[in-house]
Amino acid sequence: MTDETTTEETPLADDKRERLLNDLSESFGEILVESHLRPHEDVWFRVKIEAWQDAAMVAKGAGFEYFGFLSAIDWHIAPEGRYEDTEFDAGLVEEDDEPVEIDSSTGYGGGDTRFQMLMQLYSLNEQVGMILKADVGDDMTVDTVRDVFPGADWHERETHEMFGISFRGHPTLQPLYLPTEFEGHPLRKDFPLLARQVKPWPGVVDIEEIPEHLEAQLEAEVMAAFEANEGGS
Amino acid sequence: MTATSDREQMAYVSAQAADARVNVELDTGDMTLNIGPQHPATHGTLRIACQLDGEQVVVAEPIMGYMHRGYEKLCEVRTYPQCTTLINRIDWLGSFANEVPFILAAERLMEVEAPPRAQWIRTILFELSRIANVALFLGDMGVQIGALTPVFFAFRDRERVLNQIEEVTGGRFHPNFDRIGGLKDDIPKGWIEETRSVMVKMRTFCDEMEDLLVGNEIFQARCRGVGVIPPEVALGYGLSGANLRASGVDWDLRRDANPGLSWDQVDWRVWTHPDGDSFSRYWVRLQETREATRIVDQLLDGIPSGPIMAKVPRIIKVPAGEAYISTENPLGEMGYYIVSKGDLGPFRVKIRTPSFNNISIVPWVMRGVYVPDVITILGSLYFILGDIDR
Amino acid sequence: MPQLPGLIKGLGVTARTAGRTLFPKRGWKTLIPAPQKGAVTVQYPHEKEAPPDRARGVIALHEENCTACMLCSRQCPDWCIYIEGHKVKAPPRREGGKPRTVNMLDRFDIDYALCMYCGICVEVCPFDALFWTPEYEYSEPRIADLLHDKDRLGEWMETVPDFLDYEAGSEQKVRKVPR
Amino acid sequence: MTTLLALPYWQETGIKLGLALAVIPTTSLILVYLFLFKMMAFMQSRLGPNDTGPYGTLQLIAEAIKFLQKEDIHPEQADRRVFRMAPVVVLASTFLLYVVLPAGPDAVVENLDTGVFYAMAVSSLSVLGILMAGWASANKYALLGGLRAAGQLIAYELPLILAVMGVVIQAETLNLQGIVEAQATGEIFGFGAIGNPFILTQFLAFLIFMIAAQAELTQTPFDMPVAETELVGGFHIEYTGFRFLLFFMAEFGTAFAFAALASVMFLGGWWIPGFDVDDNILNVLGPGVMLAKILLVAFFIFWVRFTYPRLREDQLQKFAWKVLIPLSLANIVLTGIFKVVF
């Protein structure tokens, strides 16, 4: 069990969550990969992908009965979209400001693969939320948790169409939002957002400088007019 | 194929086919009735494909996506201040309430806290948008089951609340007023008194709804025992808000997991109902609206003085990290899971909307009900299309 | 007290509302029907609603204050502000000074067909050149006409209301509208 | 039957039929303007149509012109002949109802001896039209609406007729004029100053009649065949233009006719309580008195319509068979006993 509980910043000790973290880590046992705690927030757990369904069951058994949501994260830094066109940001950040640094880590609880499953559960007895994560392997398949939390049905369908992750044991993985003939997985980072591609950014335009060869001439003209004006009055 | 000579032949054949089909359908085996995408009961573009046996629903399957705008993707290419303008439009009736959890999540990551006056005003506007939102439901539920008048009352009185919101924020539906670290502006002079008188009117409106609908025997006949959701099922499907409390689960994020607004400063209670049917969902919402007017009244008395903006840089960069903050919105638990990479905009935003989970129970709850009950249940679950489709 | 049946109560509510709408006046004047006064609706083309001063109706441009700094155009989430400008030489402020380089605004367009009225541009403007006005009657039969140029945006300046005073306890300063 | 002008039979009938034909749009116009436009608006803190004509009085005419201009659309799968016939059948039922409604001692198209019987029979014709419309539209919503209408109208025909039976027993005639006479000359236990409007002695029957009429007219709380928010208009979902206008006119025309029936049978029709006036004067005053009474009854019909939610189909059937019909049977028995005893 690699329990690297990272509690770097503890302004206020949170006994309830620490106790919960320890209890749950014990119940998860072998399937737990990593966990993370930030006081007064949800508790993060990363579990093995094979045990995704078991982890949900264990969590439910531990009182996390309320199903919040299920989704995924694509940790890939996009070739399209935001990070390609740094001119967006360059225009927004002022010159003396420090440049934007992109953090390349994969979030709390860590992650080794590009796609990561994400599920939020809540315990009504303890009033504590929990976020379950799991790294999705190359086969892009996870067990369904539909049988544990019936509400996960639609969330899994959404995740399937948006990220292309399949759910083993889910009977109706039809698209939920997108038309049936839609190709691609829109929430993947390499899916271009057309609205930002087809139109040029109006912020690109900059103020037109005075051509250098005209500068001296214009300056003289302005000064001449200024002096004439002064003399007149 | 479409030659004129063929047309008569075609008409004859299709008439024959229509006869045959109708004859088959009359033994009421399985008739598919599409409720929606454009149907008054779906107030938006939700489609519910119902398999009917006579007037009884065998299977009901909601089909959505007609309004999918891809906000999660759009947020990824926007900066944090730009995101709030999108987020306004998720649940368009309770718009200010949408901004709050997003801003709170960003504040949590930046480790800033809004000054007390800002939090106080936030809470007032939050509750006002709850009243505006739920008031429309209180009337709309009437129109769903055939009463024409309540919805006009709702529009009439909601207007007063919207005016109050507009006077502060400048927007009736899209306030875009919440900022990381505080608020855009302070409240104008005289607003507190006006809001107080509006709250009195809203309580009268609640009384009228009580007389028009809740006490009405026909309304009770239509709603009692229709669409019963037991608490354990509600939890499994992730129902939230009044839908969950109507099933007897005493859980309100405002009280139990206050993410930093001023609800703990005032005296109020959480309403629950043990039945879990359509009537109790209506009843709980009616009581909550009343309670919200009480909360607003108390908050108006004690707005602390001080600044409305904490010290934040002008160009907002959120440190790397993840945060999930959810609040008790008019429709239920609305939460944002923000993944930041230390950039001007979020890396990934997962928007957990209440209506999405609330409506996912439809196939479960709509087995064996009658067609009119479909409308009652849809109405009482109370969804906003933008909140489902995002 | 015995409960009135809900059916009767309901009839009472609608009848009471009808009465209030039809006879809104007090005293002996109650007998004079005045539905125009009792109804809450505004008969729009005949009478106009007055939105609150802060209402975000349309954006006005105070051209003298604009330095073509491009901030609004860059912060706009919809990319609906188009600015073009060039630099010119201006006479010095004081005698004996050097000529200054200033920005001249050539084009300032807002495409109201795209605008989503978020107000970010007004907020980020560091020079008080953009203001909200509560005017709302500028719909057009042709979508292209919704692109307001800087003259049109300048005309809205007249309709900008003064900033409101704040409620007690506020530490905000009331800003001034340049006239 | 005495006539004011001695005209040949066919001319007289022609004029009367023409009048009745003109009365339907007029009456529906009055009802729609007064109640659907204005009263509903006031009940909802609105003004209602206000721009067309003085106080919006010409709004409905503008609407009618709009409907007439619209394209005549058939659904592709529709049974065209039936589809076209359905609104006419519904309107015909309304029209035939007007034939026996008396507006004065002589102001009646045809004074049938079996007037009540005829009115009840003719009013149920509209079910046929609604069924035809629902069937021929080739639309599932329309079909559901049509079937609901059939079930509902048949269920409510019974209490309607049974409620009328009480009146008939008390008046000892099926003739509508006779019923008015009976109320004018009747006495309540020897007190005859205001005659005997049957609403006093037959109050239960009146209530049942009004409830059943509400269902017969498919007005809220019994408007499941139309049910805008679930069946989106039910049987007339596919109708547009002037065919829809016919349905619309029939709806309000029938409402007017039922209000007229109620005022004839329970409120004394054209007769003014407490006044003994000459027949000829009553022939002139009668329509006015009738109109006032009809509007009073219609006011209640529409007041209920704008206030209540709608019942469910099965609840409605239960209500008809388990409550209304036993009650109306009891009413007949009671009326019979009183008739024999006194």
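As written, the chain order gives the labels A, B, C and D, with residue 1 at the start of each chain.
Here, contacts are C-beta pairs under 8 Å (C-beta built on N, C-alpha and C of every residue); 3 or more make two chains touch, one makes a residue touch a chain.
Because the structure is predicted, anything quoted here is derived from the model rather than measured.
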item: Other chains in touch with both chain C and chain D; value: B
item: Chain centre separation (chain A, chain D; CA means) in Å; value: 65
item: Centre-to-centre distance between chain C and chain B (centres being mean Cα positions), rounded to whole Å; value: 27
item: Whole-Å separation of chain centres (CA-atom averages), chain A against chain B; value: 25
item: Length of the line joining the C-alpha centres of chain B and chain D, rounded to whole Å; value: 42
item: Set of chain D residues in contact with two or more other chains; value: 43-46, 306-308
item: Residue numbers of chain B (touch at least two other chains); value: 79, 149, 153, 156, 212-213, 216, 218-219
item: Overlap residues in chain A, where contacts from two or more other chains coincide; value: 92
item: Category of the chain touch graph - line, ring, star, complete, other; value: other
item: Chain pairs in mutual contact under the definition given at the outset; value: A-B, A-C, B-C, B-D, C-D
item: Sites on chain B touched by chain A in the complex; value: 64-65, 68, 70, 72-74, 76-77, 79, 108, 232-233, 235-239, 249, 251, 256-257, 315, 317, 320-324, 326, 333, 335, 337, 339-345, 348, 350, 352, 356-357, 360-361, 364, 389
item: For the chain D and chain B complex, residues of the former touching the latter; value: 40, 43-46, 76-77, 79, 138, 140-141, 143-144, 220-221, 223-224, 227-232, 305-315
item: In the complex with chain A, residue positions of chain C that touch it; value: 68, 70, 73-76, 79-92, 95, 99, 101, 103
item: Chain B contact footprint on chain A (complex, rising order); value: 41-42, 44, 65-69, 71, 73-74, 81-82, 88-89, 92-94, 97, 100-105, 107-108, 118, 120, 124, 127, 129, 131, 149-151, 153-154, 162, 175-179, 186-187, 191, 193, 195-196
item: Footprint of chain C on chain B - complex, ascending; value: 78-79, 81-82, 84-86, 88, 117, 149, 153, 156, 159, 163, 166-171, 174, 176, 184-192, 208, 211-220, 303-308
